[in-house]
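Following this message is one structure expressed as structure tokens.
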């Protein structure tokens, strides 16, 4: 199976490992990630205001690329996924917005929300199947107690994202279990890490991030996984004393593709 | 009285138990819809003979809507199922005769859905008005 | 030709405000058949009705058109007026110029124009009206009450008191319903069991009342006065008439780990069980999903220890067929599922509970024998947070909560908070509320006492997140008055879950052809004037199946429903609806199409002798409608290919005339 | 208190939110992870926009404290979506001339070795027009 893949800015820079593990794990599961040519940064935040058009065009171009190839559009980064999915939803439901956007898209042919957007986790669940993931596990993670930290972008707004129950999500826990480890559930797994405010008010991020880590530890977690580079940054930055890794890392580890065959 | 603005003529058949009560509720809550909609009370939507609809179009109606209880909620157990099937057949025939689909409609409105009744009538009147006058079946002998 | 009188009502300014009533009565004066036209402030008033009667006499009217409010409102009134004036009551037609005209249109010109057209349609119809005489049907003098909670119990007792036999159908093994699970009741704090169980015993001992417990209604046919009902008595594997309720079987049953639904799963029961000590009937029931004997034939202990020999593993579901004159729905409510509200961590912590679970925790017969202990570790909670409106007044998402106010939560939460402070003064009690809604006799006084005398901390605001950590529940909430975000380390969080109609209500409504609102509450015939009757004749509503209600309201509505049932059963005969189908046998070709579409089986075929024009006779098969059984839906009239079938009161010609009048 | 009808309309149009649906339960503020940093809290944004009392919000630092985590949107029982109101007010503020809160010159001192690009991208989108 081939899918269009939108890596996003961070995965090409500070989170290269998130990207590399995603590629190799997908390959091991029989999915080829085809990177969208000339993709542009999603902007990091979906501006909810209905009159914001220009900031959403890069997402529309990515969507159009996938739609033209009749491939699902897959993202790994929570932020990219959130922005692209919300943009696609706006293209499908907001006529005024899609009309404005299509004035910019005239030369490329129009776009009206035909693409299907999947987060990498959704791809594993809905396109590959967790049972298939389970079969493909080479190094079981048995005995590890792993907590899944969702943050905000993956789940909310749930009416648009539709990934999982926004208050009681299971998709990452199901992945953890499929890899053989024990999923630790903690209440703050869907609370915000502090996001971009760590630029100017690090104290917000500190308070939020440490409460999240404490809560995970109290629930018995030995490791936290996340899908978002900013979540990882905020948790690590604010003194997480248990490992915080991308979900693709434990996936690659379990599938036995963590180390590249070239030794990279 | 000749008014410049085109006003469609819409006949609404409402079943006594759900939709007519829904229309009353729209009234109780003062939910406005166009005066072009004139309601005829029937005991059940299944009382609506296709002849009534043909007659309405013949006499110059621009749209006909039939409202009944929601499927499963018919006061007479199954009347609205008959309506659904009969009207599906009739509407496709009318379509064939050139009476656009948007001029005919079956809607389920319960006695508790005053808001839905008003919204349905607003929407229907708007769609019918957009199509303009219906002349296809009009019998000019009926005109004064 | 009829001699028609037209009467246009102002309804004060309700109609006259947007419809020029004078213009309407003037315009209708010249319609065919109209010999008299007038308008008046309140046509339904005594004076208005006298005016109609006088006009009937003076102008020798044969038909009446009243342009007024909805026929659902006053058709019956004006029919009586006509009858009093010596006219056939079915010679009256109503033009609905209030609900469907003056109230929905803003401007005088369009309103008046439409009112005239509606009036013309009614005149066109009344010109074709014919006098009708209703048929009569007998009344089965027995009532069915569906649901054995406090609503059903009270209704049954009141009906039985008047001397009519009543059957209660309850799907649980015992009657008692939700009230049996409660501890104390507001605002007087009397114990629920103390006031309920004597009534349950009264029901058991009343010879007019039969209880079908562990049973469900599976089929309803017929109509007011003559319902045919099928009741499924589920196999309880215990012979009800032999079991003495001694409980020896329960004691010895080796299967002890079945979640106890009476205590909302907070403790366990046996596979054979009696829900609670005061159960009525006090008879054991075997849970077929838990019993080893029923599942794989291994065990049989209960049969061995039963001295009465009441155990019967081979028992089968039994169908009982019975006739009833009236049916009362008393199916009650349930708290909604908390699955979608996990911001309160209900699925993550045993110490986050619903208010009904809190009732069981404080009930002496509950899982902790009445001591308020945390379900997780059995410790006494020192800080308790109550959260109101969980799922009530929630318009954001239909799968999640309910748009309506559940009505009872403010008061029971005040009760819980007060009782907790009374029994455990060392406990801090916080109540987060949006609005404290306490209309009711002595209700607000009760709530204020919780605050002023018992020191319950009421905080206007909501809880946003509950985080279980260690043995605490970290509650994050807003205090809107102090404009602060609060962080409270609580030991127990109690959620006032919204209530919803029981899931059995929807299929039951379909069986009864009784209408429901979008929330699955039963609709009343009129929200103000007929609050305990369903629009379906002979079906009555009691308790929370009609809308959220507390106990006093439920009991009064139960009594009201009972009095309506008694009024119905006291009649020997019911006059039916004369607007029934009738077949023109000269046109009928005996095809049986009408017979097949009739949902009531009201149409039969007979062979009838006809005289032919050539003076010979011929026997032909023709349809005959039984007017006592026909409900007047009209399905047959449309199905009839020859046009022989017509519906009195809504004849083809009449509706056609209305169409013509509107489309002129 | 001012009642700026024009700005109110503008904000409601931009956000697509109907503030009159608010029943003033305070769940948005109860759930807000940035509450303590804010001078005006989510429920106040909704309430003040509804009343047209918007100028104090435009001048407030609170605009830049909202994390856009959408917890309030998710948990609001009436479907009001307070975060979208905050966002619309913020946009009205940053779209004014010279109202950019962060410039490229601020970047060097902000970044560290491990700062993800996403952080800067998001911050730019939130703090500038």
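Chains here go by letter, A, B, C and D, matching the order in which they are written, and residues are numbered from 1 within each.
Everything below uses one rule, namely that a residue touches a chain if its C-beta (ideal position, glycine included) is under 8 Å from a C-beta of that chain, and two chains touch if they have at least 3 such contacts.
Predicted model, so just to flag it, every value in this text is computed and none were measured.
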Subject >> Contact-richer chain pair [A-C vs B-C] >> reply: B-C
Subject >> Mean-CA-position distance for subunit C and subunit A (Å) >> reply: 48
Original post:
subunit B to subunit C: how many Å between their CA centres?
Top reply: 30
Original post:
Which integer distance in Å separates the CA centroid of subunit A from that of subunit D?
Top reply: 24
Original post:
Among the residues of subunit B, which ones contact at least 2 other chains?
Top reply: none
Subject >> Interface hub residues of subunit A, defined as touching at least two other chains >> reply: 167, 191
Original post:
So which stretches of subunit C touch two or more other chains?
Top reply: 343, 397, 465
**OP:** Would you identify the shape of the chain contact graph, picking one of line, ring, star, complete or other?
**Re:** other
Subject >> Pairs of chains, among all present, that meet the touch criterion >> reply: A-C, A-D, B-C, C-D
**OP:** Enumerate the contact residues on subunit A facing subunit C in the complex.
**Re:** 159, 165, 167-168, 185, 187-188, 191, 214-215, 218-219
Subject >> Interfacial residue positions of subunit D with respect to subunit C in the complex >> reply: 21, 23-32, 35-36, 41, 43-44, 71, 75-79
Subject >> Residues on subunit D engaged by subunit A in the complex (per definition of touch) >> reply: 13-16, 33-34, 37, 64-65, 67-71, 73-74, 81, 83-84, 87-88, 91, 102, 110, 114-127
Original post:
In the complex formed with subunit B, which residues of subunit C make contact?
Top reply: 70-73, 96, 98-101, 103-106, 110-111, 113-114, 117-118, 121, 509-510, 513, 515-518, 523, 535-536, 579, 597, 599, 631-635, 637-639, 647, 650, 652, 655-656, 658-660, 662-664
Subject >> subunit D-facing residues of subunit C, complex >> reply: 343, 389, 393-397, 401, 434, 460-465, 476-480, 483, 485
